[in-house]
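Look for chain A in each of the two complexes below; its partner is chain B in the first and chain C in the second.
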Partner chain A sequence: MNVSSWAKCAIRAPVQMVRIARRDLAPAVGGVRAAMTVLPLVAAVLLLAGLGFGTDPVVVAAVAAPVVWLVVLLATVPVARMVAADEAADDCWDLLRGLVAPSVLLAGKLVAQWLLLSAAWLAASVLAAVLLGVEWPPVNAAGGLLGTLGLAAVTVLLGPLLLDDDGHGGGLLAVLVLPAGLPALLAGSQLASGAPAAVWLALLVAYDAVLLTVAWAVFPVMVEGS
Partner chain B sequence: MTRRAQVERIVGVVALATGVVAVWLGLLVAPEDAVQGQVQRLLYVHVPAAWVAYVAFAWVLIASVAYLLGRDLAWDRRARVGAELGVGLTALAIVLGSVWARPVWGVWWTWDARLVTTVVLLLSYVGYLGVRGLSGDPDVTARRAAVVGVLAFVNVPIVHFSVLWWRTLHQPPTVLQPAPAPMDPTMLATLLVGVAAFSLAALWVGLRRTRILAAAAPPVAAPLGASGPIRVAAGGQR
Partner chain C sequence: MTLAGAVCRVGRTFRLGPVDLSVEPGAVCGVGGPNGAGKTTLLRVVAGLLPLTSGTRTVDGRALYLRSGAGARGGQRVADAIAVAAALAGRDVDPMGALDTVGMSGMAWRRVRSLSSGERARLTLALAAAVDPEVLCLDEPFAHLDGAGGDIVRSVVARLAAAGTAVVIASPRPADVGTLADATLTVDDGTVRIA
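Moving on to the complex of A and B:
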């Protein structure tokens, strides 16, 4: 590959990545479905948590952060279905695979999933602040961004697993996604609760590094065919 | 008898002998714990089961990566066997830990970081085994399972370090740490023999299970030209 064609590829890849991310987030593909699923889920869990845990400020302060991350983890299941949307429509998936490199496809889907999960985390955090009356430390934002990045990698990898020959993959996806999000739940909750930040941020960075590396290495295998 | 069957038999005999020694040491030789009493002897099974489960899950990771690199279904079968062993041994460790905890801690279950992360780890690998039933195509199944096998290992370090990161009721590592806690030499020897017995038994089960799975697998079609075209002679004989 000469310098000219390399430069063309280097310019084309980010453009393709953004197009894939926009396509995944577009209303016609999955944007509306995700919004209609994830946001009511966030609101419902936060409301029920407030109702269940009562108004004791001590109790609320102890459970607010884990509840927020639990909501985000629960949201990964419907969000992961979007990754498989292309695979469900075989022609579309084949077309995408033919047009762009697997790494670009991964990056585009990863960005879309990260944005969706970040939005779910933000919505849950704001609702928790309003409904439960908790104040988040500034480092919570870093925890949210890092934690949802790792979760996005999990959903991109496990989303295609949804599609089985009998259509029974949905429940199993929850069994797989929720445990894989354990480090994000633990570290994110600790950061939001005001625990010493360095060690938990380090855990999240390590979690993201491992998952992004695994996703980069394994995603081409996942898109080989259903 | 094939060489593989011979190895399997030798491993089985050695595992049985080591197991008998471990039972003898655990029940008759090791002293009674000064604080916990006789129930402490359960830990000679609980700890080896947990350790060998870690090794089994590490084996799933190695075999999954090997499958993804070479696409050899034999590695997929090895990964499956590792997961089956790991799930069984983790479940055993949890159940025995619960039985031990009732008289010592006063509860069957507590929301301790080590306990919860271990159950979550168990669920991950139950999910791994569930993925294997999603597709009828062995290659698709192997590919999906390998991805999950790599991902599921993320939680193993969390389980191991949970007793250090949190102030847990579960005790921190006794043997696997830079400065091991003081322990009666007979108790330590019993524990190590227990680990050896569990490791050998797991190896024996793994070898047998892998052989059974290989025998049940559909034959792989030989590439055309490897044995030449099929020639039909007069009378229908090849």
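Moving on to the complex of A and C:
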């Protein structure tokens, strides 16, 4: 590749990344039906899980943060289908592979997944504050952003596994994603409950760095074999 | 596009090749053969979607594989599907112009999921025209199409080839491709021959 071609690719890559992310987010952002079904579901899970620990406000407040992160972890399974399985269901995966380099595809999908999981985390946090009367410390926002970034990397990494979904793919993904989300669950919950921030933020940064590196290295191989 | 000694194993039992094939810019290559013979595998190898077990593949530019009816999300509007695909390819294309070439300019604002199979097959051709790749692999583009739709396929392929795109078309009925093809290959049980 000569310098001119390389420069064109370098300029085009961020534009392609944004277009892929927008393309993925369009149904979620534009769909009233999605908001009407997802938000009540999140609210129901929060209330039921919170009340499952009892009606004592102190106990409910203590379990609110882990419940919020469990909601986000559960959201990763359907969201991960957007990486490749939904594309393949619409017969678009081959076109995307032909138009976009795997690294750009990874970046676009990662951004879309991060925004969706951040939105799920934000919705759950706001609903928990309203329904369970929890007050979140300011550092909780950093925990949310960093934790959902790591989870987005996990879903993008494992999304291509759902391409040959024979009906068991969602279960398989849940088995793989939920343990991989443990650091986000632990650190995010601790940050929300007012534990010393530096240690848990450092854990989340390390978690994100490892997962992003692995995704960057492995995703192109998974795409090539898909 | 050149394949040299290309072998591709799919699963444990199917093997395509070895294949030596060169398709020049502007050439149209028909690929015939019975169902399950390896036509789709050959096209996916040409497009770079399947890794080679051995041999080499060289392409100067972008190679695209499109099955009939593929390439657009069900929730997208027809014009948006064209615009997004062209933009991802780095091209500034008027979606209406691309749709006009396949007789679909009146369907620009319909959702893709509302189209019939034949209309989706024509949309696939519009996507190919909008992206304008250097190598285009069309897998059974005549599927779901009536006689007029078949004429549209031949018209779009001729236009792309005239502009320098190398086109490889797989069809179980060689008569569909007609006189369009500069050369025709036959695939049978993974072995590729000149017809």
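Just so we're on the same page, the second predicted complex is superposed on the first by the 192 of 226 C-alpha atoms of A that agree within 3 Å, B and C clash if a C-alpha of one lies under 4 Å from a C-alpha of the other, contacts with A are read in each partner's own complex, and residues count from 1 in each chain.
The rule is short, and it goes like this: a residue touches a chain if its C-beta (ideal position, glycine included) is under 8 Å from a C-beta of that chain, and two chains touch if they have at least 3 such contacts.
These figures come from a predicted structure and were not determined experimentally.
*Asks:* If you stack the two complexes on chain A, which partner ends up touching A:R97: first (chain B), second (chain C), both, or neither?
*Replies:* second
*Asks:* Looking at the overlay, what does A:R12 touch: chain B (first), chain C (second), both, or neither?
*Replies:* Second partner only, chain C.
*Asks:* Just to be sure I read the superposition right, which of the two partners does A:A26 touch: chain B = first, chain C = second, or both, or neither?
*Replies:* In the superposition, A:A26 contacts chain C only.
*Asks:* Please work out whether A:E224 is in contact with chain B alone, chain C alone, both, or neither, and reply first, second, both or neither.
*Replies:* both
*Asks:* Between chain B and chain C, which one contacts more residues of chain A in the superposed model?
*Replies:* Between chain B and chain C, B touches the greater number of residues in chain A.
*Asks:* Just to be sure I follow: which residues of chain A are touched by chain B in one complex and then by chain C in the other one?
*Replies:* Overlap of chain B and chain C footprints on chain A: residues 224-225.
*Asks:* In their complex, what parts of chain C are in touch with chain A?
*Replies:* Against chain A, chain C makes touches at 44, 47-49, 51, 62-67, 69-76, 84-85, 87-90, 112, 127, 131, 133.
*Asks:* Would you mind writing out the residues of chain A in touch with chain C in their complex?
*Replies:* On the chain A side, the touching residues are 8, 12, 15-16, 19-20, 23, 26-27, 87, 90-92, 94-100, 224-225.
*Asks:* In their shared complex, at which residues does chain B touch chain A?
*Replies:* The touching residues are 68, 117, 120-121, 123-124, 126-128, 130-131, 134-136, 140, 143-144, 146-148, 150-152, 154-155, 158, 165.
*Asks:* Using the touch definition up top, name the residues of chain A that touch chain B in the complex.
*Replies:* 154, 157-158, 160-161, 164-165, 168-169, 172, 175-176, 178-180, 182-183, 186, 199, 207, 210-211, 214, 217-218, 221-222, 224-226
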